[in-house]
Amino acid sequence: MDMVLAVLSWSCLLGGAIFLLIGALGVLRFPDFYTRLHAVSVCDTLGAGLVLAGLMLQGGFSLVTVKLLLMFYFMMFTGPTAVHALAQAAMQGKLQAVVDEHEPE
Amino acid sequence: MENLINDVLLGLLMITGFAIVRMKSLLGVTMLTSIYSLLSASLFVVLDAVDVALTEAAIGAGIATVLMVATVALTTDEEKVPRHTPLLPLLVVMATGAALIYGTLDMPHHGDPLAPAHRYVADSYLHDSPVEIGVPNVVTSVLASYRGYDTLGEVTVIFTAAAGVLALLGYRTRGRNIEAAGIRKQVVLRVIAKLFFPLILLFALYVQFHGDYGPGGGFQAGVIFATGFILYALAFGLGTAQRLIPSQLLRILAAAGVLIYAAVGLESMLLGGKFLEYRVLADDPIAGQHLGILLIELGVGITVASVMLIIYYGFVSRRH
Amino acid sequence: MLSTHLPALQVVLPLASAPVCLLLRHPRHAWACALTISWLVLAIAVMLVQQVAATGTISYAIGAWATPWGIEYRIDMAGALMILVVATIGAVVLPFAGRSIQQEIRKKHSGLFYTCFLLCLAGLLGIVVTGDAFNLFVFLEISSLSSYVLISLGCTRRALTAAFQYLVMGTIGATFILIGVGLLYMLTGTLNMVDISQRLTEVADTRTIRVAFAFVTVGVSIKLALFPLHLWLPNAYTFAPSVVSAFFAATATKVGIYVLLRLFFTVFGIGFSFVAMHVGEIMMLLAAAAMMVASLVAIFQNNVKRMLAYSSVAQIGYIILGISLASRDGVAAGMIHLFNHALIKCALFLSLGCIFLRLGSVELQDMRGLAKRMPWTMAAFVAGGLSLIGLPLTSGFISKWYLVGAALTDGYWPLAVLILLSSLLALIYIWRVVETAYFQVPGAGMPLVKEAPASMLIPAWLLIGANFYIGVDASLVSGIAHQAAGILIEQGVR
Amino acid sequence: MSELLGHYNYWIVIVLMMTGFYIVIARPNLIKKVIGLFIFQTSVFIFFISIAKVEGGTAPIIEEGISVYSNPLPHVLILTAIVVGLATTALGLALVVRIREAYGTINEDDIHVQDEER
Amino acid sequence: MFIAVSSVILIAIAVGLVRAIRGPSLYDRVLAANMIGTLTVLMVAILGFMTGRPEFLDIALVYVLISFVSTLAVLRVHNPGAGTTASSVKGSGEQ
């Protein structure tokens, strides 16, 4: 049973790490702001979620897991809301031309 | 491994620092400053300073960033290129840095457990505070009891800042301010705020009263409390938030926190002890310490929360 | 029973009444509150001086924690003298403030003004009585932050830039002090100043301690406006409200000097500071430069407040000069001058406050023929000016007498010449004001002004009276100063 | 060699401090000055917390089974110093807002020019 | 394993930093700061497990809240109009 838990937890952590890496790659390489938003969403939800899930499996039934659950709950709300607000602000902001320089390539 | 994380974080901090020097857009600089603060907060976790990490993140990445952005919004975003060549400042900085590096040569090594700093006063804090005060978090016991007077000074400093911001910016509740009124349609944010507001306050209470056992305490709780109200103000407008906690009430609360702290000190004096000697507050010395720490942390929390809100109100209600 | 708690009450009283002041809606109530507290503080200060004179150094452990673990309040004769200076000035300027603030500051800010004033008072007192290096930093910041606010309340927009400039330099200074304290802690493991000094003997010959000394010294020098680091001072004093200038000129920089004394003698010791680090020579050079350059600059100022501000920089030079001799006579002379200059400068700035109340300006050209209209105010100014120059029968003469004596004893006769030369420069700038006010006729269209109200004249004349009293009979002040200097030197020689 | 390796941490922190210090004294823009002060102070905090680190230690919250803790005293000092830093930053920024309203600029050189003209 | 995950997080933070420095728009920078906030939370959580003191998750929780509220506040304070509705805006995105 412990074995199964350990394998599950490690695979969750590994999966999370991979998604984080993908998200980071996207943030670096995507051409414009709106596409980068997608990449960050991957980090925020899948990456963070899987890592937290992995940690929860490590923690077992304890106060630690409760806190992790709370964090998971918070993050599932805050991440998308923040990105949503950013997208909205950017949509409006563009009309007022806040870009300070030209996009490199 | 911890050393590796430590080094990488220091490297990232250096990159951020240089980028701040070079960057011309002040808003960009502000965001980098926020990142700088977050990175140093994670560095504090690596260096075992959990209470400090909590505070730095809440202050640097939270309140300070918001204030800086508000200031840029009220002033201007572009930085003019300096007219004079910055040769003299560069020399001064080089000399100061060289002096400091010269000073490091006789220092004990980083992390050396035999360094004099760890062997004398700090060592006895770690050994004696569980017996003398009975609080597991040594940072809390030193902060609130052994060096409780510093903390009174700290609360006074933050209170002074509130008085200063009130004197310089005041409040203006009417008219168009930089935190605009057009929030009615923001459904997502309002739902989230309604969901989060009570949770944040609950969490603040947890941090306030759990400071004896884990990272936290009055100061951190105060900032979290203020964060909750800032979220409320963001979602429902500054006017609604000010109806919830009027500015006059904030003034009273800010003053009350300092007064609670001072009153605990004076009370222990009246009961025959020295100033801030908590052990006379109850029959049992340990219980007295607990009571004293609880009360002064409450004072700190109240003042900090209200001062943060006073400062926030002051900045965002300024006319554009 | 209460008398054992006086050291704590001295600081906590103004500190705890500041929030109360914030809550008082009516300006007069806030003023009354601040006034009462400042007089209580003065009473406590007098009692403390008596206690110290009777029983020697007082130590008060806050929270009843033994010294290196808790924070200690420690008052010896030098500290008692400083408390007396700060408390006296606080108690004297507040009656003056009532009227002056009413005119210079918007009504809704006056409660905030008294709050910040009390905080500043508490901060300055806290710096003096504390025996803990980090606690000193905290109270330094309380006093600094409140002084930024007080300066920014000045009525022109330049008050804002002056406050900002002071904020930047003051924060750099405070951060330097913080770095120095950190380095000291690193090698000694303690923050209590007496404890540091005992544990320093083993590690004094390390590069880290040398750097710590340099950082703390530079940081404090910014706070006390030592010559090349004085750049914040002229603007701050010129554009602050009159009461604030008077209060700061008499206390803020003086407390900085006191901290420097503590560092050189109590913490690091004469052997380290003056022999190993040669701080005496450096300070002497800077002090001499301050006396000459700042006095010269003062001559060319048309704003009288600014003139006095530069004069303050020069007078700080005198005090530092005495200290840099590192002898009992020198330090005593420095402390006597510190005390006298606090009284004189406060009186001078107060009389300028009276002029500003009536004229709305302190530019030299607006003061033509003013002596006829405001005879008492101008007489106070002249009396203070004479003392600044150092004429016999004034307190300024006494302190310069001691300074020259101390310099000659140690064989530094060029310094004695410098002191005389700088006094001559003081004569020139004071004469410019006297000439304008007494011997020029007022220009056409200049407002017909009345004499300043008694509530403002009495504080100024009280200080002038004290100044003449010391000029005639200096035994009390010089006795305390010599005793204090003796203790400091004793602590410094290990 | 080990002499040097034990100190490189402090050196990086010193570079950070000087970065902040440089921004304060070299830049005429007032907001940038406040930000410089913030960076300077934060770096000094890092320096203090580095002093407090004990190799192999953990956070100073007493728990059974743990014997090595990092030094709590610098943590306490820095908690206080962070608050002081925030107070300074808030006051400095408030002053900047007022200066901008009074002068129309936040560039130190331009402010000097305006003050000279008068 | 923890080591691998925290290395990945550090790399991602570095990437976020690059984005924050390169910009080009303010929104990119806010986005990067937000992402670094999330990553910091994860790192603090993992550090808690690595050092055997997972009860320090409180810090991570505070970071979540602070970085969320400060992102919103930065957007609102900087751009007061933002957050009314976006439907009327014919935004063309970047460029």
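A, B, C, D and E are the chain letters, set down in written order, and residue numbers restart from 1 in every chain.
We adopt the following convention: contacts are C-beta pairs under 8 Å (C-beta built on N, C-alpha and C of every residue); 3 or more make two chains touch, one makes a residue touch a chain.
These numbers were taken from a predicted model, which means no experiment stands behind them.
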Chains in simultaneous contact with chain B and chain E: A, D
Lowest number of touching-chain links that must be crossed from chain C to chain E: 2
Top chain pair, ranked by how many C-beta pairs fall in contact: B-D
Chain located farthest away, centre of chain C as origin (C-alpha): A
Distance between chain centroids, defined by C-alpha means - chain A, chain C (Å): 57
Averaged-CA centre spacing for the pair chain D and chain A, given as whole angstrom: 30
Geometric centre distance via CA averages, chain E-chain A, whole Å: 9
Centroid spacing, where centroids are CA-atom means, of chain B and chain D in whole angstrom: 13
Where chain B touches two or more other chains at once, by residue number: 25, 28, 30, 50, 70, 72, 100, 104-105, 107, 115, 117-118, 121-122, 125, 147, 150, 153-154, 157, 160-161, 164, 168, 189, 196, 214-215, 315
Numbers and ranges of chain D residues touching at least 2 other chains: 17, 21, 25, 51, 58-59, 61, 63, 73-74, 77, 80, 84, 87-88, 91, 95-96, 98
Multi-chain contact sites of chain A, meaning residues that touch two or more partners: 74, 78, 81, 85, 100
In contact (per the touch rule at the top): chain pairs: A-B, A-E, B-C, B-D, B-E, C-D, D-E
Residues of chain E touching chain B in the complex: 2-3, 6, 10, 13-14, 16-17, 20-21, 23, 26, 29-30, 32-33, 36-37, 40, 43-44, 47, 50-51, 55-56, 58-59, 61-63, 65-67, 69-70, 72-74, 76-78, 80-81, 83-85
For the chain A and chain E complex, residues of the former touching the latter: 10, 13-14, 16-17, 20-21, 23-25, 27-28, 31-34, 36-37, 40, 43-44, 47-48, 51-52, 55, 58-59, 63-64, 67-68, 70-71, 74-75, 78-79, 81-83, 85-96, 98-104
For the chain E and chain D complex, residues of the former touching the latter: 51-53, 56
Residues of chain B touching chain E in the complex: 1-2, 5, 8-9, 12, 15-16, 19, 23, 25, 27-28, 30-32, 34-35, 38-39, 41-42, 45-46, 50, 53-54, 57-58, 61-62, 65-66, 69-70, 72-73, 178-180, 182-186, 189, 196, 200, 203, 207, 210, 214-216, 220, 224, 227, 230-231, 234, 315-316
Complex contacts: residues of chain B adjacent to chain A: 25, 28, 77, 188-189, 192, 195-196
